[in-house]
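The following pair of complexes shares a single chain, chain A, combined with chain B in the former and chain C in the latter.
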Partner chain A sequence: MARMKFLCDSERCIECNGCVTACKNENEVPWGVNRRRVVTLGDGLPGEKSVSVACMHCSDAPCMAVCPVDCFYHTDEGVVLHDKDMCIGCGYCFYACPFGAPQYPQSGAFGQRGKMDKCTFCAGGPEVDHSEEEFKKYGRNRLAEGKLPLCAEMCSTKALLGGDGDVVSDIFRDRALKRGKGGEMWGWGSAYGKPEPGTKKPEVKS
Partner chain B sequence: MKQLKSNSWLWACLLAACALVLASAHAADAPAPPAQIQAQAQKPGVTPAHNAEATWREVRAGTPGVTTVRGTETGVLVSPDGNTWRQIRHGPVTFYGSLLVILVIVAIALFHSRKGMLRLSEKPTGRTLVRFSNWERSVHWLVAISFVCLALTGGNMLLGKYVLMPVIGHTLFSWLAGMGKFIHNFLGVVFSVGAVLMLATFYKDNIWHPSDAEWIRKAGGLVSREHVPSRRFNFGEKIWFWLGVGLFGLVMIASGLSLLFPNLYETRHAMQTAEVIHSIAATLIFCMSLGHIYLGTIGVEGAYQSIRTGSVDETWAKEHHQLWYDEQVQKKLGKGA
Partner chain C sequence: MSKFAIALLITVFGLSACGDKEGVVVYKQGSYSGKTDGKPWENAAFAGDKSKWDNSIRARGQNQNESKRIGD
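After this line comes the complex of A and B, so read on.
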């Protein structure tokens, strides 16, 4: 099974926010929730750079570790999903997540948190694939259709890559070699950690 | 090569000048860009800031950038605090917290099995004294009942995953925890009001009195089972009042209220800190409450009746709060005369 990963090439991202819009439209996310956002560093200064960020689907996911009702799970492809029927809106996953991925629609008195919503890697949720409940709660299940996340698919400069982690890192390595700079795999250290000793490195295609 | 170098010098100077103009024009409304990016932008002959180590160091430190998405700290790419919070909460807070609670329970059980209930040594007289007014009892039970509910629902948030969920399963547990969170949020307010009322109601009788010194010297006669004369409340009760209700209670209320309104103003760091303080204070107040509940129920004969009905037998008063008993008798005699 492929291990799904996101990677944003900060040499290419032009802060068009196309990924943000694509995500909102494809998944019809709740009001006030943005599953993806583009952050610009050193905005307006020479050398400013932008990074598109959402849930990175971490290997040792902090949200999963701190959830008091244990509503998160990893799919076979390493995608971190959660069960909204179980979520109690405590906010702990938001405290723990380094990427600020978990979002809460406000509900009830005093602006209490509703059920958490986050990027699903366009992989839906625990409901039956393509069912109406799944779409309502989690958005489109593109992975089950054999497609990749729409944010990455629609990226105009192909800065945002989403898919099989080995393929993504190969593409990125090629780019970095050709242009001779910008090889930082942003957020990968936080999300996927260091490769375990003994695991094979993906072969570099010449 | 030399040409190129002087060229880049020129560019750097121009850029620096532009940056200066821009910075002075927007100094009031725009946040200052990270220092390292500024420094690099002005450093001659260097590709400015692009993918430079400094930028990623800023990111890892949680320095915010700019984004169009609104919300709490949306400009922060990586927040390093979350992992620290996770390690504290799921490390020492969970481990030592549960260990402490278990130790306290074991200690109380051992104590009780060796000493048993502290019974009255003389027969009850049948004459009673009013120990708690209706108001005082109402305040006590308001705080006590809300406290027990808060302790159960709060403890469930920290430990339910390890204790209850394996027994009753994910679905039922998440429903219970959801209800628990709802109850916790609303009873938290009830408890806050109750605790403040309690402090206002009982503080007078919990002020230090010279007789407390002897109580401390004899450790309250807890082990020796000897009665140390005290006024309305002995020093042990005073500790529980000031430390339990006063200090930890107010810490719980302050940290709890700040967690209750997540959308007002707070950063994640503030909420993580409040959560850690809340759970540590909760563990300590819970351990103290176990002692209080033990002494108020099966530890001391007649103690539960006093807070349940509000009145105690004269023998009980004499054997547990001699000085208070004397005062009451004086009062009665004064009235009679």
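After this line comes the complex of A and C, so read on.
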């Protein structure tokens, strides 16, 4: 049985935010909710790294462990989903998640929190597949169409990979072996230039 | 007011809550008690054929591998 996973290759991610846009558009995510976002480390400095982050569909999910109403479940494909009809919007899952995946729509005046919303791996939710109800609550169910999440499928540099964990890790391993690592990596010298002898490395601001 | 109108009123108001659905979820500590979710291959597109779905997902997965898709 496939175990669905995301993998973001930080050497390839160019911070184009295409994955974020694709997710928003495909799932018609409400304003203020970002199921996926791109995080950049060392922004503007040589060797900056960007990573696309969303729910990682953990095998031992902390959100699931802390939920007081047990509204989370694992599908057979390893996707972490939740029943919005049971969610009470308490925010515990947000505190527990190391990736900041759970999001809350503002549901009224005074910053009231709505029911939690998060990446579904484009697998919909506990409603009839392709029903209006499912789309409204959870977004598109691409998995039931035999497709992978749109964020990964439309990534222009193929930095974001999604799908069966074994397949994804094979693709990444093959890629990493071919390109090498660090300074020996293909394209590194063209992008950042070779360090001249005697030059000091720029200090990284913390 | 006629007896008929009174009877009608009693019927309408008396049965007004009959269509009310159970609004309280019964929680069982430590286990998911929400709605059940179907399998992704149990729909019109795959008609319950899991291997067809597996093949589709595998093919889509390999589309992400440009080494195989367009060569090195």
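Note that in this section the second predicted complex is superposed on the first by the 179 of 206 C-alpha atoms of A that agree within 3 Å, B and C clash if a C-alpha of one lies under 4 Å from a C-alpha of the other, contacts with A are read in each partner's own complex, and residues count from 1 in each chain.
Simple rule for what comes next: contacts are C-beta pairs under 8 Å (C-beta built on N, C-alpha and C of every residue); 3 or more make two chains touch, one makes a residue touch a chain.
All values derive from a computational prediction rather than experimental measurement.
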Next item on the list: Based on the superposed arrangement, let me know which partner A:Gly100 touches: chain B (first), chain C (second), both, or neither?
Entry: first
Item checked: Which of chain B and chain C A:Met86 touches, first, second, both or neither -> both
Note to self: By the touch definition at the top of the document, which applies to A:Glu184: first (chain B), second (chain C), both, or neither?
What the structure shows: first
Check: First (chain B), second (chain C), both or neither: which does A:Gln112 touch?
Finding: first
Check: Just chain B (first), just chain C (second), both, or neither: which does A:Ala123 touch?
Finding: second
Next item on the list: Scan A:Asp70 for contacts with chain B and chain C and give back first, second, both or neither.
Entry: both
Check: For A:Gly42, is the partner it touches chain B (first), chain C (second), both, or none of the two (neither)?
Finding: first
Next item on the list: Could you let me know whether more residues of chain A are touched by chain B or by chain C?
Entry: B
Check: Touching chain B and also chain C: which chain A residues?
Finding: 69-71, 85-86
Next item on the list: In the complex, go through chain A and note every residue touching chain B.
Entry: 10-11, 17, 20, 34, 37-49, 51, 53, 62, 65-71, 85-92, 94-100, 103-104, 106, 110-113, 181-184, 186-187, 190
Note to self: Touching residues of chain A toward chain C in the complex: what are they?
What the structure shows: 2, 69-73, 75-77, 81-83, 85-86, 123-130, 141, 143-148, 152-153, 158, 161-164, 167-168, 171, 174-175, 178
Checklist line | chain B - residues contacting chain A, complex | finding: 15, 19, 22, 33-34, 37-38, 40-41, 47-52, 55-56, 58-59, 65-69, 71-80, 82-83, 85-86, 89-90, 156-158, 160-161, 165, 170-171, 173-174, 177-178, 181, 185, 260-264, 268, 271-272, 275
Check: Where on chain C does chain A make contact in their complex?
Finding: 25, 27-43, 45-46, 52-54, 56-58, 60-67, 72
